[in-house]
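Chain naming follows the written order as A, B, C and D, and within any one chain the residues start at number 1.
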Amino acid sequence: MIFNLIAPFNTPEGLGIWIAAFLTLCIFSFLYKDNPFYKFAEHLFVGVSTGYYISIYYWNTLKPNLIDELRKGFSALGEGNVQKAFGLDENGSIIAEPHLRMVVPLMLGIFIFLIFISRKNAWLSRISFAWYIGVASGIAIPASMATRVLIQAQGSVRDFCIFNAGCANAAGLDPQTATTSLWINSALLLIGTLCAVAYFFFSLPSKGVLKAMNKVGIYFLMISFGASFGYTVMARISLLIGRFQFLFYDWLGINI
Amino acid sequence: MSNRGPLAVAFIAGMLMIGDYFLDWGPLNSYAEWVQKYYIIIAAFAIVLGVASLFKLHLGKLKRKEDGWRYSIVTFFGFFAMIVTGLFMTSGDLTGTKHPWNAWLYTNVQLPLGATMFSLLAFFIASAAYRAFRARSLEATLLLLAACLVMLGQVPILTGGVFESLPEIKQWILDIPNMASKRAIMIGVGLGMMSTALKIIFGIERTYLGGSEE
Amino acid sequence: MIFNFLNLIFQIQIKEGKGPVFLVLVLFICALVFFLDKARKGASFKIRKIAGLDAVNEAIGRATEMGKSILYTTGLETASHIATIASLTILSRVAKRAARYGTRLQVPSFDPIVMTLSQEIVRESYLEEGMIDSFRKDDIFYLTQEQFAYTAAVEGVLIREKPATVFLMGYFYAESLLLAETGNSIGAIQIAGTDAVTQLPFFIVSCDYTLIGEELYAASAYLSEDSSIISSLKAQDFGKALLWIFLFIGSIFTFFGSVKFLSIIGGSS
Amino acid sequence: MNIWQKLSSIDRRWVFLAMALFVAFPVLKPLGLPVTTTKEVEDIHSFIENLDGTKPIILGLDFGPSTAPELTPMAKALIRHSLSKGIPVLGVSLAPDAPGVANDIMKWAESELNAVMGKDIAYLGYKVGTLNVILQMGQGISKPFPKDYYGNNTDDLPIMEGVETLEDCAMVVGLEATAISDLWIQYAGDQMGVPIGIGMTAVSAPEAYVFYQSGQIVGLMGGMKGAAEYELLVNAPGAAVQGMDAQSLGHIVILVFIILGNLGYFFGTKGQEISRLKSLRDGEK
């Protein structure tokens, strides 16, 4: 282990490392207890990140998608090319950049400020929110059906194909891998899934078979939570290692 | 009944997206794609509401000289440093987050703060494991055992003999019981999400719109 | 004109491979409408106990007794995430209780739209309880949209204000454990609910009650005390029952090598 | 309070301290604990090993600083491997917080591996629209990325010679912190037929495992362990291999505390612990 120079103070990079190291230690100090250093870092973080997101929103969303589009739209309008100004072809289909169509999101954007000015206009801001949430819900309905419900169910059923050569080929599975232990595992997987689904029945009285399944379902859930917890430990320690590597190598300049 | 307008809007917006998902019809698809792409502009505008709230909070603290009002100055300092370098300064072609000063602030202030907060999880996951993983009941014991076996399977701490099969045991727990309950949770979440979203579109669930008074 | 219209109708086709999803969705909507209709006609539905839900009122009561505040976070997603909407519905119920008891309710927000919606919802709840004068709009405040800056600030609030009760409802990412452990260290009663599968274990170990996945949505329906909303739980159960049968029978079919069944469900490669 | 009760209620700050010491120590002084390689990682390695020609590899650098400790070593080991085979690497980012980290990796490759920017390696920067970007890249890589991160015309870069679309690339290796991997697999892989390799954070890796099993991806690297394995496969142990020592000790600390807690629970406080809420409920009645 060789101790090199601590990061130099007088270059922008070096100064940056010093500041980063100081802030790193400020946050770590929270582990002992709340203190002025943590408070300082916390408040700085809130301010800096809010500012950062504003500039991201401006450069990545507002400027290219709204301001530039509107500018192009108006210049096309100035040339008298109305269709081009709205980015439509003669049938009204969308062909190109939206240009002046961006007036619609602009309006919706402006609506949400109205709640600010007067409660009388609050219903206009609600139109924006309703649009925003309506679009999100519309996307979510088929998507959650397809990716969460059906794919999971399909995957579960498909697992059993492996025990039949014809079906396995159709499903793109290798029937050679079907062994007794896989048989047991697949059965266990199915039972586990069925029992855990049974845990989420809300309107049926928990009696008899359902109650027993409920119980097994909870066991499966608990094993799964324990497993994910244990599995995540590694990722979290990785992050800590990352910080230590920064402090030791980049800041203190320790070479190993 | 001023919520009728917004509810109609939510319905139309939702149906548009559902239609786009299922139907193969050029005009509908292209409009839906456009809507999807640009409705984030509403979010970009909304950040102004957020900033206004943040200013109000901290200006209030400054004005009333509340406990810790000095920290509000720190927040403003960070905010304006990022805004000035990110929005108003240009260096050649480089603007925004590519501006060297803004990038410097990002790399040396925001990034280490975020990474260190994230790394606190290593400590908290340890303290949570210590406190919660006690064999109090059958459920708790299963939780505890699964966690320990998976941890042992992750890193080569115990080797030789029986312990050689720990990685396999870990993989089995992840592949079979873990997969089973994940599937069940996903199916449940999917149904819950879908029915909530349907209630929103059909206007049955309207709490999110708040009051309807003028 | 009519001809044009018909022509248009026949041009529109269901996208390839979306057929099954469409059918199931239609089936689900039918179930939803059926149970909704029953609810409108006055049928009431029995819902099983959800542990975390019974605790909500007690937890609010505890904060009141101790003279401390309640902290409610709607998660780290925007309003476009359905879990956030479910959380907002629960917030509206919590706010009503808090208003009735005169307990302070703080809502640090991650997303400005969610903040605005929260303000409106809480305001409405106070209004309904006739407590509009004690509504403090500034207690529902925006922090930042950066994940860990938000977490740092909420931890600050937790450790300084020491709320007696903490609600963590909505979608969460890795910060779940940071929030829940800090809340635990100040001795707050914590009720969490999320549909983020990866974060559930952390809430389970650090919170007093956790609404698991679908329970979050069920809770938002249940707490609405509106029978037409609760009826949707019945439709969800119907969906699960169908799936249950599908899983069971489907597995038998594929086990015996029904390639046809496999292709119907779109599982063949 | 007897010793058992003390064991079951150690102040969490002692846990923190133990964690800090035992994770910091191996970072300063590596212990050299063994790391075994797995088939998922070996598969990516041998796929690249068996590539011929000079078609570039697309490296999806879709991760920000928070997951960099896990994914950066993967990127470095992969770049080291493919450059040693004479295969150029073309970096792209579909996650907004990625460019900073990605730029650091490119600079590292320039100085450590003497790679020529624009010829051996190139970085096209970040573009919004994830799926759209992938689909557009299928029509032409320079369509979504007309200029590279450093402002050069993408089509003028020597690395782009004979490379028009995604399909002209040898493979895509996506290093992912989020679900972007699914898009690479479904669209670049399944639809366009480009071989896909995936490196993911330890948390998300199990979700991608099904794609490996189904053969939709060539191989899979999960977390720091996966990165360490790849470092060993290319004979360049680095940050990840070192990190694995700290991982082992960190896991031991947690396991030891769990054991202590349970010892304390069984011999000390057993039966006395009641949930706070329940005791409150009893108190009310």
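Here, a residue touches a chain if its C-beta (ideal position, glycine included) is under 8 Å from a C-beta of that chain, and two chains touch if they have at least 3 such contacts.
Only a predicted model underlies this, so the values are computations on that prediction, with no experimental measurement involved.
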From chain B, the most remote chain by mean C-alpha position: D
Chain pair whose interface holds the most contacting C-beta pairs: A-B
Between chain B and chain D, centroid-to-centroid distance (C-alpha), Å: 20
Distance between chain centroids, defined by C-alpha means - chain A, chain B (Å): 6
Centre-to-centre distance between chain D and chain C (centres being mean Cα positions), rounded to whole Å: 31
Interchain centroid distance [CA atoms averaged], chain A/chain C, Å: 17
In chain C, residues with contacts to at least two other chains: 18, 21, 25, 28, 79, 82, 85, 113, 116-117, 120, 143-146, 148-149, 152, 174, 198, 200, 202, 204-205, 212-214, 218, 233, 236, 239-240, 243
Overlap residues in chain A, where contacts from two or more other chains coincide: 27, 30-31, 39, 41-42, 45-46, 48-50, 52-53, 56, 112, 115, 129, 132-133, 135-137, 140-142, 144-145, 149, 153, 155-156, 172, 190, 193, 197, 200, 221, 225-226, 228-229, 231-234, 237, 239-240, 242
Shared interface positions of chain D, touching two or more other chains: 12, 16, 19, 23, 66, 68, 203, 206, 225, 247, 250-251, 254
Complex contacts: residues of chain A adjacent to chain B: 12, 15-17, 19-21, 23-24, 27-28, 30-31, 39-59, 61-62, 65-66, 91-94, 98, 101-102, 105-106, 108-110, 112-113, 115-116, 119-120, 123, 126-145, 147-149, 152-153, 155-156, 185, 188-193, 195-197, 199-200, 217-234, 236-237, 239-240, 242-243, 246
Residue numbers on chain B that touch chain A, as the complex places them: 2-3, 5-7, 9-18, 21-22, 26-27, 30-31, 34-52, 54, 68, 71-72, 74-83, 86-87, 95-97, 102, 104-123, 125, 129, 138-140, 142-151, 154-155, 172-191, 193-194, 196-198, 200-201, 208-210, 214
Chain C partner contacts - residues on chain A that touch it in the complex: 27, 30, 34, 38-39, 41-42, 45-46, 48-50, 52-53, 112, 115, 122, 125, 129, 132-133, 135-137, 140-142, 144-146, 149-150, 153-154, 156-161, 163-167, 170-172, 190, 193-194, 197-198, 200-206, 221, 225-226, 228-229, 232
In the complex, chain C residues that touch chain A: 18, 20-21, 24-25, 28, 45-48, 50, 79-82, 85, 113, 116-117, 120, 143-146, 148-150, 152-153, 155-156, 159-160, 198, 200-202, 204-205, 212-215, 218, 233-234, 236-237, 239-241, 243-244, 246-248, 250-259, 262-263, 265-269
Of chain C, residues touching chain B in the complex: 11-16, 18, 21-22, 25, 28-29, 32, 36, 78-79, 82-83, 85-86, 88-89, 92, 109, 111-113, 115-117, 119-121, 123-124, 127, 138, 141-149, 151-152, 174-175, 177-178, 180-181, 184, 195, 197, 200, 202, 204-206, 212-214, 216-218, 220-221, 224, 228-229, 232-233, 235-236, 239-240, 243
